[in-house]
């Protein structure tokens, strides 16, 4: 609570010079937080911060261009802000970052699995490393590490990498990411992989929540998924088209994706989209020793080159 | 769309292994193809007339020719369709000769492949749009980089043709390698006697601005409108004041400075003038050896200088020269023979390079034209010439022939005999390359009249024995080992690309081969052009050349520039990138990746947007594949055009078929 | 026919029978989602909660051909190309089993638009006439449910052919239409007996659990009165990310796009779901866009459902209260809140 | 489940009739006119429409776009559409020539209230491609000349080259029963007519508002200032009639994108009086 | 368009105009016999090749895709192939997670003079694709089968 009070105080201090500050508030049920756009002190009083604050609020930044915007970020969210700044998609002076330390957020999908559904949640409360939920008349206690988002288990940046105001005590821990999930998936045969994606893509609705939730998908209104010039895709609802869109999304994020996982979280039909981006990130790391969203003054690896590449073999025949 | 398709027989070149009539028939079934036929020679006069007639008869709005490579006849056919009133970009070519008939044996497969390739061309054409070239003005000034004989010739020809010329020379004097030579083959006439007057012409020509001791720093712009930044390196002497009287060089107490002009066989003073005929004849200070600059003592030259031209605090200075064309004439450098450990690797004082020998032979050289051994000043008796040092040798990555070494070695053998009638010369050679006018006769004279002993074989080793050297090699004609006792060994070191050549090439955006020699546009047909419009080549920067060839290229490059400048306006290639302002989100990724700086950020109603500087854009399309939303499209190679080609080859079936 | 009882264990055999004559769509778990798919023997049929996606696609597919066309050449004159078109109507007899009352009722919103005095959408109507709904009544509302706000309820049979009320051990099936009755004839049913009373209790409890519904009748004028209050709309749309999750999961969202695709000489004109939250929805070729921001677009989405549509269609709200737009919204935008806020805000400004 | 369609005809509203282009006219660098005859002779003979109604032209493979039928119902030799090149469909249409086939879904939408306008003076004010919808009504009125009072036409374009319908302008200028004025934005060589922006020229012409209706169409900015000018001249809101353009797909009020509040431009429009527009929410 | 006769597979090549397309021409001029499966699409520079073209071809059913450009440091446009090298390498590795056999895509560098090298490249790549056989296609039938399979209890 103390952290939250400090945060509110700091936001109130800066609010007069800002058009809006983005944070979280309680959503439609006890398990859902929802983005909060604070313009007045009363708005700030509705601010919450807990492991339920899953949204990466940086996704809203490019839509607020030209405004003085404050944003509350967790460690992972801050990487998106860094990447946006690096790509000059934001003006540094226009953004005030309220950085937080974070020990992890929940995966609502995991809670849904544990509870058998999220439709009837009556209360939810965090107690140390446990979540106490009552749903459909029954109470359950879920340890945080069992319901934490996958990304939190491999988090290397618990604390906001960039902040104008940092609130709270930095978290010391940092995990290693060995891309075990990617490795495991790669162990499948191409046929198995293809079948997996074919099945998953079949239920894709082409709602583009994955794209619009992505903080780095800055084309949005001009996305090639729906344009005729260029006409990369048809509007047919075939698996190929839906799958091809995910390839576009992943490749357009190559060297840019900060692995916030919003694409996957936003997907209403639960397609594990982050895997595709993590695969590319794994390769980008290996090839160029680069991690998106960690340095403002870096150049994304696919927008640069070296005359002699250390890790790419020249592919002589 | 109404497309006409013409399948060329190319005599039997295509028709021999492709059923051209079948191809025409199959492609004719495509919905947009209104007319399809086969033709004997599409590129011939009647072939082209046939295309023009068909365009008129069938009201065609685009043409596909399936014949040879577009790299050959695309321009031809573009002109053809233009003559018929179509835009020249409403034309596509399918390469069914080089890519089909000449490489595939099976007629059926070839025919199907030809159908596919022609169909791709049709698919692309349905997406083509007329493109119109923009005109832009030309700055009729030319820059020549390099003041060797090729550069001098190019500069003089351009200047005589009425152009303003900026000549940029890296060293303190023009003249290049030729100025260092004593005599030239096959006439054995005095090098400086024939070059000197040309150098003076350069100095006196009203149209030529000469920057000696200067280098090109950066090149911006495009044909007709380059902006070249030239860095004038500090000489510590105000050249506007210096009269070249030479008083300073006489009195300079620092006499150990490296004498580059004399190929380091002597030393010079810290303040010096390269040689008596130097152009410009101005003194310059080598700061490394100047006592005043290094130790803040001395200052003799400053006190002596009658025109008060000395400036110890001089800095490098950059000037911007706007020009419309650039001739690169940066010459060559010598192979570093010290890489041959078996020849002493530079440790033996009497094993010298051929160019050092030229300086020894030169009457104005450090030995005043007397042949003496560098080690002890004695006249040599046996002089051994070793050819192909750093030429035709894969082991040092110099597999190519430097071309002129055979000739100058023969010349030096002749000169040796002239200077020292008692001497005996030996020449170890691999083959004698003497294909020029009077060249072979000349080498024969060296052997027959001047007694040079030619031994065919590589030298395996040179080692000292007493005050002499043993040159051991094979005589491959006799099939024996040979050992020759030598007083002086002259290595015919090969030519390699000038140091920094690749660096300059990148600034000029021209390509170079793996040895650093600049790439001409076409080996045979465009020898002085490059693939960058407005940049031309002359002399050895393109590959080793003797003097007549270098001079010829200098003139050739000049004539290309004069031709280019004969128009007041140039047409830009419309195959450039173009921004859809509605789709551009102003992220600047294209600006970041453009290799030519051809994209700039502009403001459109308060939003940043990309803007293509059409004359700078070279049409590579890196921007198009960088832009995620496809807002910047390379005209004539747009996403939709390439996608149409892909779809022509493989497309997903539609969700419903018509039936 | 009166209400009958279907034992849980007999559900599959009924579905098997149905599947012989009709494309039988039932909920199926796929990944983290429950979606409607053709029934296959041996599959698990998750009926305990509302499916992730509604069975909208059964009648109104995500993508369908409106027509196919073909360019044909005149053999005499290859320069003359003719074109033929063919309509493409899907008339496979289908039945959806296990959807919820809100899901089935959603099509009523379609019907008023797709079959009007002005036009009859044959593609839609052909499928509509060939599709039946055996709807499962809800026993307990989810936190996102608000069917009672829009004039419906957890056991609303309107739009369904059979209403299945879940009771201990099985379902009480109530025929709603003649076609539904016929379907029931194929089921291994028992007399409802005292199960009928149990079913009534389930219905009652569910209705009670939903609580009191606010009066939305004034929303029609209130939303219009707020039309020019862009501050309001910017406020409520701030967290929206303009994706199509809400519209594509909505049983009542009926807007669509038409695009052509061609391959060689043949092609199709496709009808695909479209999303009014997309910038492109109203984007004109000139570059002008009457709804340039998400605030404009959300205003139209809410306005259309709660004001413009009811205005044209006898007060019927174009929302079935299923709550999927709330539940599946990546930002948890709550359309209930927006409507209530609109009513409150315009009241405050009056 | 609806058993029977409410719409008795129940023809497929998405199925276009096939028509053949019998003539094209390159009106301006960006506007091309197509004269189309439906291939089915009976259908062509039966075809009727009202001035102001629109049609959807199909370039199969690319898509459909909406254009007003700018020929007059009184002259049914062909249906005329004038297409300004803007997007993908219009680009494809521009590539078509005589003998090519197109799809036609027409007539769609409402029309000018030509019956109610009988006996009134009429002022037509057209800008650029906005002249096309006016042309159909103008021709209709000229063909029923006795039914209407004084008819005035003000047609403006950016430059002389941008002026469409040049083949009939001389006739319009010469007709005694039509007061036609042409204007361009800025002076150009060889231009013998008015120069100036449409609203300014309109104010100079100062047509009387009494028993008069103004019918105007053009780019949004022109409409904005023309409305102001008309108001200055004393025209009431219900005396001003215009026609709207929106992104349309289905053309029959279903697909849901062309609405302004409760009104669907494709079926309730495109013709509105300014008075009607004022009752709609502000979302043009 | 129908696939080629006989047992040809569908292989698409994207070649830069200045080097590799010229190299293929050189091979042709030298009458260097090659398998006939490959269909070449000419682009100005390997830097113009959006990796998505390759994916589009593969998703659309191509059995193999070959990209060839100027050797690094030899780009006609100075830097195009440097960008291409990074993009194509990332693409190649990306395939490992998509279920598209990465051997179906290859990129290489062939200069305009390397006719023989081009011949070898085409030879080897075509052989490789034939070893892999036709690419698995997603057909409606297959989808229906997958659906039935997926409906089985898990």
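Letters are used for the chains, namely A, B, C, D and E, taken in the order the chains are written, and counting of residues starts over at 1 for each.
Just so we're on the same page, a contact is a pair of C-beta atoms (placed from the backbone, for glycine too) under 8 Å apart; a residue touches a chain by one contact, two chains touch by 3 or more.
Since we're looking at a predicted model, the values are computed, not measured.
**Q** Sort the other chains by how far their Cα centres are from that of chain E and give me the top one.
**A** D
**Q** Can you figure out the chain closest to the middle, judged by Cα centres?
**A** E
**Q** A-C versus B-C: which has more C-beta pairs touching?
**A** Output for the comparison: A-C.
**Q** From the C-alpha centres, identify the chain that is farthest from chain B.
**A** The most distant chain relative to chain B turns out to be C.
**Q** Based only on mean CA positions, could you tell me how far chain A sits from chain B in angstrom?
**A** Averaging C-alpha atoms per chain gives centres 52 Å apart.
**Q** Provide the C-alpha centroid distance between chain A and chain D, rounded to the nearest whole angstrom.
**A** For chain A versus chain D, the centre distance works out to 50 Å.
**Q** Express in whole angstrom the distance between the two chain centres, defined as the mean CA positions of chain C and chain E.
**A** 44
**Q** Provide the C-alpha centroid distance between chain B and chain E, rounded to the nearest whole angstrom.
**A** 34
**Q** Spell out, as numbers or ranges, the residues of chain C touching 2 or more other chains.
**A** 30, 63, 69, 71, 79, 81, 84, 257, 259, 261, 264, 267, 270
**Q** Considering chain B alone, which of its residues make contact with at least two other chains?
**A** Residues 2, 59, 582, 593, 626, 639, 643, 647, 651-652, 654-655.
**Q** Give me the residue numbers in chain E that touch at least two other chains, ranges are fine.
**A** As it turns out, chain E has residues touching two or more other chains at 1, 51, 56, 59-60, 79, 83, 87, 147, 150.
**Q** Going by the contact rule at the top, pick out the chain B residues touching chain E in the complex.
**A** Listed in rising order, the residues are 69-71, 95, 97-100, 102-106, 108-110, 112-113, 116-117, 119-120, 506, 509, 511, 531, 575, 593, 595-596, 618-622, 624-626, 634, 637, 639, 642-643, 645-652.
**Q** Spell out the residues on chain B that touch chain A in their complex, using ranges where they run on.
**A** Counting only chain B, the residues touching chain A are 580, 582-583, 585, 587-589, 592-593, 626, 628-631, 633, 638-640, 643, 652, 654-655.
**Q** For a test of understanding, state which residues of chain A touch chain E in their complex under the given definition.
**A** For chain A paired with chain E, touching residues are 182, 185-186, 188, 190-199, 202, 232, 238-240, 243-244, 247-248, 250-251, 254-255, 275-276, 279-280, 283-284, 287-288, 301-302, 305-307, 309, 312, 314-317.
**Q** Would you mind writing out the residues of chain C in touch with chain D in their complex?
**A** Chain C residues touching chain D: 66-67, 69, 71, 79-85, 87, 111, 113-123, 125, 128-129, 131-132, 161, 177, 179, 224, 227-228, 254-262, 267, 269, 271, 274, 276, 281-286, 288, 290-291, 296, 300, 303-304, 307-308, 311-312.
**Q** Hey, which residues of chain C end up touching chain B in the complex?
**A** 63, 65, 68-71, 73, 78-79, 81, 84, 86, 88, 261, 263-268, 270, 287
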